[in-house]
Amino acid sequence: MSIANKQKNPPAKVEEARTDTRYKLVDRTLKRFHYQQDALIEVLHTAQEAFGFLDDDLMIYIARALKLPQSWVYGVATFYHFFSLEPQGEHTCVVCMGTACYVKRAAEIIATVQDEFGIAPGQTTADGKLSLATARCLGSCGLAPVMVIDNQVLGKETPDTAMSRLREVVAAPAATATASVSSATIEPQEGPTP
Amino acid sequence: MTQLVTGKKTRFATAWLGGCSGCHMSLLDLDERLIELFQAADLLYSPIADIKEFPQQVDVTLVEGAVANVDHLELARQIRERSLIVVSFGDCAVTGNVTSLRNRLKVDDLLSMVYREGPGREPRGLEGDGILPALIPRVLPLHQVIAVDAFIPGCPPDPDAIWEAVSALLHGAPVRLKQEMRYFG
Amino acid sequence: MNRPELQAMGERERERQQSYRCRLLCCASTPCLSSGATAVIETLKQFIKERELDANVLVTATGCMGPCSRGPLVTVQTRGLEDVVYEHVTPELARDIALSHAAPEPKALDRNLLAADSPFFAKQKKVVLSNSGLIDPERLECYVARGGYGALAHALREMTPVEVCEAITRSGLRGRGGAGYPTGLKWDLVRKAPGTRKFVIANGDEGDPGAYMDRTLMESDPHRVLEGMAIAGYAVGAEQGYIYVRGEYPIAAKRLENAIRMAERRGLLGGRVLDSSFSFRIDIRIGAGAFVCGEETALMASVMGRRGQPSPRPPYPAQSGLWGMPTLINNVETFGNIAPIIDNGAEWYAAIGTDKSKGTKIFALAGTVATTGLIEVPMGISLREIIFDIGGGIPNGRAFKAAQTGGPSGGCIPAEHLDTPVDYDSLRRLGSIMGSGGLVVMDDTSCMPDVAKFFMEFCMDESCGKCVPCRVGTVQLHRILEHITNGSATPRDMETLQELCVMMQETSLCGLGQSAPNPLLSTLRYFREEYQAHILERSCPAGKCTMDNVPPLEQGADLQRRARSTTSDAEVS
Amino acid sequence: MSVVTLHINDELVSARSDQKLLEVIREQGIDIPTLCHLEGVSDLGGCRLCLVEVQGSSKLLAACVTPVQEGMSVYTHSERLVRYRRMILELLLSERTHTCAVCVTNGHCELQYEAAELGVDHVRYEYLAPQLHLDASHDRFTLDHNRCILCQRCVRVCDEVEGAHTLDIMGRGANSRVITGLNRPWGDCVSCTSCGKCVQVCPTGALFFKGSSVGEMEKRHAFLSWILNGRERKEWQW
């Protein structure tokens, strides 16, 4: 995260934040682990689930609650892939880059998506519609190459089928997007789709 | 390392690629030892001698500067083909040094900043204007382009270090610098 | 709960199951769910309700059955008929299956049948996965009905901790996480280590790409893992266990959590286990996406909520682990072996496998092979049998090129070594490792330098950054491999490659860095000519690499050529 | 505390049983290079320069973290150890942009010194030249990531001696960085006491006093043991 970015979001008013109901979820986890410093990762998991990403205010809140240095919390949050410090797009597309998917040419899927939407893995489109990510094996190697669009696992993909699904999801209004994916068949489609 | 046949005059050259010529200044700081050097060696090519073509057969060539453009590449290739021993002379040749600080920028941005949008009277450095040799994407230390036989680090290398290396070479011995002569920078 | 109550519970469940005319077992592990198993199960339940078949037909969502690429899978157990397995089951087919098997004169369909005597099933030996695909992982009773928690009850009642450690040692079980350290020895070390508290950790941070054995075991038979951990806790004197589950495995975590709760409620875990004086609690820790946390010291740092960076050994976790206390860390699959060993005896277990590698091993068979999925085979089986008999060979008429075992820490095994028995020591001799059990088959369209680059990129991204050889070495190796695959490498790069690999193996702090060069070294060893073709002839034999760059010295000519081609393009247009 | 005897380069040596190998080796007057080790703070075992061969162990062990053991036989300067140390320095020099000629610590830098000492006269690996920024937001100090070798001395001294824990490491692998607070400009970090210990212990030019020019930034590592000894002996009354 760049410094310029941070100046746009001025430092938190932590007190004010406490009224946010999502903080209640974080508090619950804090309590469950008796505010032990060892529970940092568990707390970060809950926070990420509740907020979608970890912003500075949230990390300051957690650091205070656990009596940990802020740099420590930030160091842990950035060590693990799961924690995201930036808001995710409306839709997410995760392409598995496990060995089985790789030998079945998952890299080509990523390249196609990258070309079309102009985002590299780990990035979100400027309009906040789509986030692209890679995964280190989703353990569905029998279906390689595998991708996950909005938590829907899709197997035996090709660059063309992947793109047509993505276009469909991104074009659809937010509420129905997931539904349209789940109704899509799992079988690979032949040839390019408009 | 290739060793010289001693007993006859060494065919000696120095070359100047992407660097500030400070290493050559330091070479001149050998002072009276220069006399000793040129009693043992003939200087066949050097920025301090007006010779246009790199000669066919050279025993020892000291190369100052990093490889930054296509002319450097061509000269480096000639030097390697025509010299028995090639020595990386000074930090730019050894590490890329200050010359390579441009590696974090794209060549095009660099040219725009310095020439097209630069303070000169008129735009220069445009493609095909024949003024600048094309810059290669990344500045490279000499040994990443051609095989190099010995290294004299330093910015610039101390005259004593140069002498230590050169006199060893003139005697057909490998270059072994003392610790205090091996510092980068 | 005490031992007789446990046995009664199993008895009741068995009677209940036998009261049905037929049982439809639907695989509900991740790969089958991804290919539509949810719809199959829902449809079946609905259908049976509608047709009022409740009394005759039981639908059970089970764990993994094996041939994942053929999912969704349904196994049917019918009274008076052989068990049959259906592949690629759709909701429509499921209805037909239910009708046909629940009929007064049951009959198997002749469509989508997977023969039970096919080599895929026949060549396997299920010890750890013996329940997988046959029981509902969400019901404790199902596990108990198949003898579950009997081993724990036996150990608590009839064996001393020393005897348990001895039994494990005699069984010859070695760590299934990859390194193959003798499990019994490890247990004994922790047992003897002085400490006021001790801990047991099950390592379920299965990070190898192409491997999902641990996930399947946790999803399909969670109690098996818990029972193994509890026996370990009893043997080493620990009262607290942790299961570290990879963050990518939400289903496994959910089922484990559910299993722990059920076992605690029935007194099989928690305070005074099975009315003995032994107490054992298990907590789940969810990983957050770091491969290095599979390394035991890094995993412990992560359990304690810190950056998952390894620390130098000694001291070993057995002496000083979690919070400085003696800690036993075993792989999930290792714990899966414990109950069968106690149940059937160490000698029974030691009779399976080879001289130095006992028992069975689960592999995740993936890549370009006809049937991919999860298999359990006795140690010592040959790679050829796994790939060509169980896996059904290479599809699309292509040729076998290499089998990659052990993930980013392992290596590629070429065709000439296909007959090597699969055990710890043979694989190590070939420059690979057993690893946690990922087995990825590659056909002749795979380019080996490119495969090496893939693994190096993995290690580069996953390096924790603590020690220099791994942090920078992986980046440098990746750069060189990039040069090789894009055509800008020089012959000297081969030397640098080799030298860096050896240096990293010897100087890196932890197993990740020490083993990161393995895939590269093994491809260098068996496919050197492919590297040479990339460097000397600037061509990729498999046709995968673009080779659109040039070595540094030729950059000048290349720049000129490109400039010329762009100007001539401009002229044309 | 009991005494153990061991061999170092075939010389019989005795040591206290709570000592680490590095201490004993240095007591023998043997020069063994280190970069992440710092007298007065805990050890990391990260730079791998102090690796030694221990007979009977298939692995090379970092002397700074390996406890002495009775009967150990240790070699500190075998041909392969020297070669590996050289390669590690080359890797470090290639990782970021250590242009010695224009560095504030030119001539006082431990990385530069070790390279010269071990005969690293050129680097065979590609210079990675990452684009990293320089944080000059603090009133007195500057943090230049381009010269950082991630030895974590600053992090440990800030945590263990000063107790502020303003500094830590973020990210992982080659993307690791020293951070201040929540990766905010150093000048904005309220937890920093501006004690300057991190600057003094930094082996390279990554941390320096503002206004230092090329070659001007000399560091005083010895002050740390002075502080710690004084603290232990209660030399100061306030």
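Every chain is named by a letter (A, B, C and D) in the order it is written, and numbering of its residues begins at 1.
Throughout what follows, a residue touches a chain if its C-beta (ideal position, glycine included) is under 8 Å from a C-beta of that chain, and two chains touch if they have at least 3 such contacts.
Being a predicted model, the structure only gives us computed values, none of them experimental.
In terms of C-beta pairs in contact, A-C outnumbers the other of A-D and A-C.
Note: the chain lying farthest from subunit B is C, by mean C-alpha position.
Inter-chain spacing, taken between the CA centroids of subunit A and subunit B, is 51 Å.
In this assembly, the C-alpha centroid of subunit A lies 37 Å from the C-alpha centroid of subunit D. If you average the CA atoms of subunit A and of subunit C, the two centres end up 25 Å from each other.
Distance from the subunit B centre to the subunit C centre is 56 Å, each centre being the mean of its Cα atoms. In subunit A, the positions touching at least two other chains are 75, 79.
Residue positions of subunit C with contacts to 2 or more other chains are 290, 307, 462, 464. Within subunit B, the positions touching two or more other chains are listed as 144. Contacts between chains, counted with the stated touch criterion, involve the pairs A-C, A-D, B-C, B-D, C-D.
Taken together, the subunit B residues at the contact with subunit C in this complex read 67, 70, 73-74, 76-77, 127-128, 134, 136-137, 140, 144-147.
Subunit C meets subunit A in the complex at residues 30-31, 33-36, 67-71, 206-212, 215, 247-249, 285-291, 302-309, 364, 366-368, 372-373, 404, 407, 438, 440, 442, 446, 451, 454-455, 458, 462, 464. Here subunit A touches subunit D in the complex through residues 1, 3, 6, 56, 59-60, 69-75, 78-79, going by the rule given at the top. Of all residues in subunit B, those touching subunit D in their complex are 88, 91, 94-98, 100-101, 103-104, 138, 141, 143-144, 148, 151-153, 155, 177, 179-180, 182-185.
Taken together, the subunit A residues at the contact with subunit C in this complex read 36-42, 44-45, 75-76, 79-83, 97-104, 135-144, 146, 153-155, 186.
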